[in-house]
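Going in written order, the chains are labelled A, B, C and D, and every chain counts its residues from 1.
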Amino acid sequence: MKKKKFSLKDLTDTNLLLTITIVVFFLMYIGAILFQGGGFTKPQTFFNILNANAALIILSCGLSLVMITGGIDISVGGVTALISMCCAVYLDFHGGNVSTSLLMALGIGLAFGIFQGFLVAYLDIQPFIITLAGMFFARGLTTIVNTKPFNVANEAFTKLKLTRVIVPGMGAPNRRGVYVDAYVELGVVVAILVVIVMFCFLRWTKLGRSFYAVGGNHQSALMLGINVKRTRFISHVLCGLLAGIGGFVYFLHVGSGSAAHATGAEMDAIASSIIGGTMLTGGVGNIVGTFFGVLSLGTIQNIVSSAGLDEAWWSGITRAVMLCLFLVIQSVVMARKKKA
Amino acid sequence: MSKDRKTSTGSGILTKIVRNQCFIPLIALLLLVAFNLIADPGFFKITLADNSAGNPVLSGFLVTILDSGSELAILAIGMTLVTAASGGQDISVGAAVAIAGSVLLRVLCGSNSRPETLQAPIIVAFLVSCLVAMLFGAFNGVLVAYFNIQPMIATLILYTAGRSIAAWVNNNELPVISEPSFKYFGEFIPGIPIPTPFFIAVACMIVIGLVLKFTDLRLYTEAVGINQDSARLNGLDPKVVKVLSFVILGVCVAVVGLIKVSRISTINYSVIAKDIEMDAILAVALGGNALSGGKFNMAASIIGAYVIQFLTTTLYKFHVQSDALPAYKAVVVIILVVLSAPKVREWLAGLSKRSMKKEAV
Amino acid sequence: MKRYSGIFVVVLLACAAGGWMFFGCVPDEKAPSQDTMQDEEDYIVIGLSQIGSESDWRNANTGSFRSEFTAENGYYLLFEDAQQKQENQLKAVRDLILQEVDYIILDPIVETGWDTVLMEAKDAGIPVILVDRQIVVEDEDLYTCWVGSDFREEGRRAGQWLADYLESQGRREEQIRIVTLQGTLDSSAQIGRTMGFQDVLSAHGNWEMLERRSGEFTQAKGQEVMRDLLQSHKEIDVLISENDNMTFGAIEAIESAGRTCGPDGDIIVISFDAVRTAIQFMQEGKINADFECNPLLGPKVSKIIEELEAGERVEKIQYIEEQYFDTSMDLEKILEERTY
Amino acid sequence: MKENVVLEMRNIHKSFPGVRALQGVDFTLRKGEIHALMGENGAGKSTLIKVLTGVYGKDEGAIHLDGCEGAAAIHSPQDAQKLGISTVYQEITLCPNLSVAENMFIGRTRGVGQNWKKVNADTDKILRSLDIPAKPTQQLESCSIAVQQMIAIARAVDMECKVLILDEPTSSLDEQEVEKLFGLMRNLREKGVGIVFVTHFLDQVYEVCDRITVMRDGQLVGEYAIKDLPRVQLVSKMLGKELDDMSDIKDEQQEYEKEEGIPPVLEAEGLVSDAGIKPFDFHIDKGEVNGFTGLLGSGRSECVRAIFGADRVTGGTVKMKGKPVKINRPLDAMKNGIAYLPEDRKMDGIVGDLSVRDNIILAQQVLRGFFKPFSKAEANKIADEYIKLLSIKTASADTPIRSLSGGNQQKVILARWLFTHPEYLILDEPTRGIDVGTKVDIQKLVLKLASEGMSVTFISSELDEMLRTCSRLVVMRDRRVVGELTKEDLNQNKVMNTIAGGEE
């Protein structure tokens, strides 16, 4: 086939939705540069979006995994809050060290993943209701661990928190004319690693492909000899693990523990996944899309605030409109599929 | 065999009671009552005293439960219908309450956010907010029924945008109503010692009771929820029924909006009815209604709502931080859901059979 | 066919990157884009990072800045609403730096965790003016000055007022039972007012503080906590409520419990902030005294900016003038003058 | 185990709540043979295959495989695969959202990694060798159904199975593709693979198979060599009627005489729906009982669904009593006095959790409208009346219909439609999966209703039921009406011959 003949029809659903997402993102960003100028012309603005959303990227990756298998996990925001609080308390009140706190974060995430995964996969309980309870539990537990929000003063941690990775060649002179290097936080590096690893995992490993198989049609997957229950279980465990990593990255970014941390993060993560082309019904989705989904949400927020609109409500509305748009696109894609 | 049959008929009444859907929430209620009786009988004390306006009013924990549980009970009505018809839940009710309340205030206040007098009769304002809430309900319903989006995800849109829309309706101002009669809906009507929200809740229950009695709502909803294909072959339009259930939830939302706003005579967009959707879903689940749709028991849901309020108030009384409440509720949910999972039930049934056999041996 | 979609994506990426280079980096080196140029020539650009819009006070505060920094006055105001989250505020400040504003006005949500971002502002040569709440930083030079209320003084004055009032009522020797509705824990207003009142409290042996609970500065929470306090404490003589919104809620709770408050009631209510509605409540005899926390910081900040523009040095800590009101005053007149 | 036998199933029993799907079925498959498994719907073929492939557990019986000591333990599809049993199901059981190569290889090996390059290359080789027009990296969904089916077979073949089960693989293939498939099957036979071939197409059976096992009502009818079993006998064995049984006369049925001058109750012309039937004409007169007959999948259900508006009607006109009507959805049909008892009782008929009472009043209730519900007393009265009339065995009107036996569930659905007092009643397989007594009851009822002036269309897999009740039979094959039989033509021989394709 020659390139001339290329048409959208030849794309798989995953790639079609992915393409839409990426196009929308770049149109949006270029539009922002054209019409708003200002900060958007600087690469650092983009890196700031990354910095602020590193944790969300990781959480969204986890959610995408679960959504690709046809499930959902709305506990990730709560787990993030719980992790940041536990780590903060541990570091500040008990003089713990950073690496143990990282292990603790992963442990908490895994524990949630395993528990919820077991209930969902092996007891056939609706994932929505069980992870809803998980979210309740994590949020409540956060307050029980410690009520007050506080910043962590632990030295080793603060040092880690302030570690910056300079992005060469992307810097820009500030208003004093001093050249400032563009940088990203450590969390962004982790997030990008996660995206790459998860992308490879889903794209090239057998387990990754069986995620798609289970989400696409679990009956068929069973017939093809895939252990559907175990696959579902693993998807939740991985989501939990990523929530653990994401929680720690979040903690690293904010450097404080608070019960109010990451409120609505689960909804943002779901929205990002959807915008990134993950199909709610399962079987379709792409981690790269999710990555761009998060960036799209972050960019919208930036556009809204630098346009001088009252951010609190405008960003809410624009996000919802975007979500609605993508849901309808998915619905149309589904209809197209059924007709064919 | 014959022996078996005898015992089963003997315990028939008991089984009937246990089988009744109201059984679980009622047992939960009894447990809570018993717990409070043991821990502190003062919990049940109700006192009659004059409030600042010189009206004798009742106060005490029980009154608090009836009062604060009203919103939840009203929402549980709508949520039960949505759950039954669509097999999913609406997570945008909290945000929708914010919109309804905001619209209500907007109509009452006009352009001035601190009016001396109301700019419109309360009933008109309520009807407008009702209409708006129904529209948003229909929006959710259309996404669910016509676009085939899972209810939880479809309502995620409004969940994200709702509070922003609410703020936008009033230009992000916080209007305050000084008219005393507006407070009647959320507090007390002079001369009546029982909080008004309770009456509103009772009125809603009566209305839904009458609707269920004098229309086909129950049959239609259940038929669609249980077997959509079969319902279609019987001439029903599952899509219309689903949208209808969301619209009814919209009405419930508007009523709750009225109460919530009236309670404080103003609104706080980010806090009003926060997390109430979770409690409403919990109420439905606690009432023994399958979250996957189908048959429903309205009374059980309503009792479920009050049980949750009972739990909340009890926890408050024991100085549980309000933010820690969800943890306790979550434990309750997990236990309930796990116990009602078919697999666990099978396993338990097998277990009891085995133990019976052992006894027989 | 996947290959072609891959090419498609790569082409897109290239387009976008190209766009970035063209619109982003190139103009950057030569001259700022048209928008910013206009801004810099004609206006002083102010970036305001506000906490949120949780209370009337906050809205009056925001409004004061909005009405002060108008185009007519030669300003251009960029408003960032942090929606009660420090992470949002950190990102907002970074965005403002990137947008090269001339001044940043920051109303910090919490006291700690500001060092890095303020350092970035300093490096970029943008003066930061703190308003309302205070912060703890290692190097005080990181911000230019702080403008706000002396919360401790407010608390002290409230205590003093209570002592005077009780004396005038002839209750000097009586056992006085007090409850406090605290603000969001660890906020400067909460700490200041609690400590200020504590200063007076410890000097009076017959005053008993029954319980201090946080109402988080919101009306709903205030009502909830007060209802609880009323049920657990039979006798309450004085309610100290650390802001007006909580007071409104508390009054609702008091009334629906069948108790009375105000000068003629059985609970003395002392509140802070003194918004317009609170004065109305005072007229109705529901609040005894209210200590102003003046939200109208705009004019003062604008004056400071004028001084800075003129190259003058400014005082590090600048308290704003504040008054208090009680039922003995001519409330009618006060109400007329009150704008918020 | 005998020489040459690869698979032996002995005395297999399997029950589902209320149904005994398999009752002591034996099945033997030899090396290098193509073995047809035949039977009408509900005969238990699918259940037998699902037991063999581990989708269902068996209640009783044993499965022996060549090369395995003792009884084979098959508890899951994976177990079956490991033992060399591969299956291609009737409905495609591949994942539409994966690529062709992935579908070929997923779930087959342990371990984490997979060399996709090699997988793609291997797949390409297989696809080429089998002449399947697909690319390894193509998304499965973008292939035609036929190609998907062939990929499923390719997967099974590539797993070097000893036993290959083809469950109606040809239903979505055109002739050329079928030929290709048969070539493939013969090829595999040469290699010594035992193939179980399930199909409804008799031609295909006689073209490719060596041996036939016939099942009926969950029981084994017999195993025959292909040359010993002529076509008509096969049909008669499947339908459960011996040919010499022709003396079976329609004793209960009166001859239907058309009254002159009255337009037919329903007349359809060129009716076609999106369910894939060819346009058909149809009419029914007042008080007439007619039927659609044909093997499963011949389109008989789709025809009546089109009449009722259950599938989306894409063309054709319908007249009722001479007046043209538009039927776009079931409610339109109901308003015109048509009632439809659907083929799939569980999926389309009962509303499982609702009570018997609610199930009875449902259709009439919908007709009456939203604001005119039956009061509880009325509903109970109606329910009791119909429970008595049709002698429905239920604990009470309050019992959920789910807990009734199949026959009684069917009677409830029947009651539901009778209560709407239709002029034209469509019964699609009303007697499937229910006990003999109820079957007779239902047939009697149909005749009684007709004598009272109701028009009835009656569809059944059991030919003698049709012959006993219908005065006219529309015969279908391959989704097309191929004949209409009346009066003296209404005998088993003629009908079977028409169904089988007019040969012999």
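Basically, a residue touches a chain if its C-beta (ideal position, glycine included) is under 8 Å from a C-beta of that chain, and two chains touch if they have at least 3 such contacts.
Fair warning: this is a prediction, and the values are worked out from it, not measured in the lab.
Trainee: Just tell me the minimum hop count from chain A to chain C, counting one hop per pair of touching chains.
Mentor: So the least number of steps between the two chains is 1.
Trainee: Taking each chain's centre as the mean of its Cα atoms, which chain lies farthest from chain B?
Mentor: If we average the C-alpha coordinates per chain, D ends up farthest from chain B.
Trainee: Averaging only over C-alpha atoms, locate the centres of chain B and chain D and give their separation in whole Å.
Mentor: The computed centroid separation for chain B versus chain D comes out at 45 Å.
Trainee: What whole-Å value do you get for the distance between chain A and chain D if each is reduced to the mean of its CA atoms?
Mentor: 47
Trainee: Which whole number of Å gives the spacing of the CA centres of chain B and chain C?
Mentor: 36
Trainee: Return the distance between the CA-based centres of chain C and chain D, expressed in whole Å.
Mentor: That gives a centre separation of 73 Å.
Trainee: For chain A, jot down the residues that touch at least 2 other chains.
Mentor: 10, 12, 147, 310, 312
Trainee: Listing for chain C: what residues touch at least two other chains?
Mentor: Counting only residues that touch two or more other chains, chain C contributes 1-2, 52-53, 83-84.
Trainee: What positions in chain B touch 2 or more of the other chains?
Mentor: Within chain B, the residues that touch at least two other chains are 167, 172.
Trainee: Which residues of chain D touch chain A once you look at their complex with the stated criterion?
Mentor: For chain D paired with chain A, touching residues are 55, 77-78, 81, 87, 89, 92-99, 102-103, 106-109, 111-114, 116, 139, 141-142.
Trainee: Which of the residues in chain A come into contact with chain B in the complex?
Mentor: On the chain A side, the touching residues are 72, 119, 122-126, 128-130, 132-137, 139-144, 147, 259, 267, 270-271, 274, 280-281, 310, 312-317, 319-321, 323-324, 327-328, 330-331, 334.
Trainee: Which positions of chain B touch chain D when the two form their complex?
Mentor: 213-217, 219-220, 222-223, 226-227, 229-237, 294-295
Trainee: Which part of chain D faces chain B closely enough to touch in the complex?
Mentor: 308, 310, 329-331, 334, 340, 342, 347-354, 358, 361-363, 365-367, 369-373, 416
Trainee: Can you list the chain B residues touching chain A in their complex?
Mentor: So the residues of chain B in touch with chain A come to 89, 143, 147-150, 152-154, 156-161, 163-165, 167-168, 172, 278, 281, 285, 291-292, 321, 323-331, 333-334, 337-338, 341-344.
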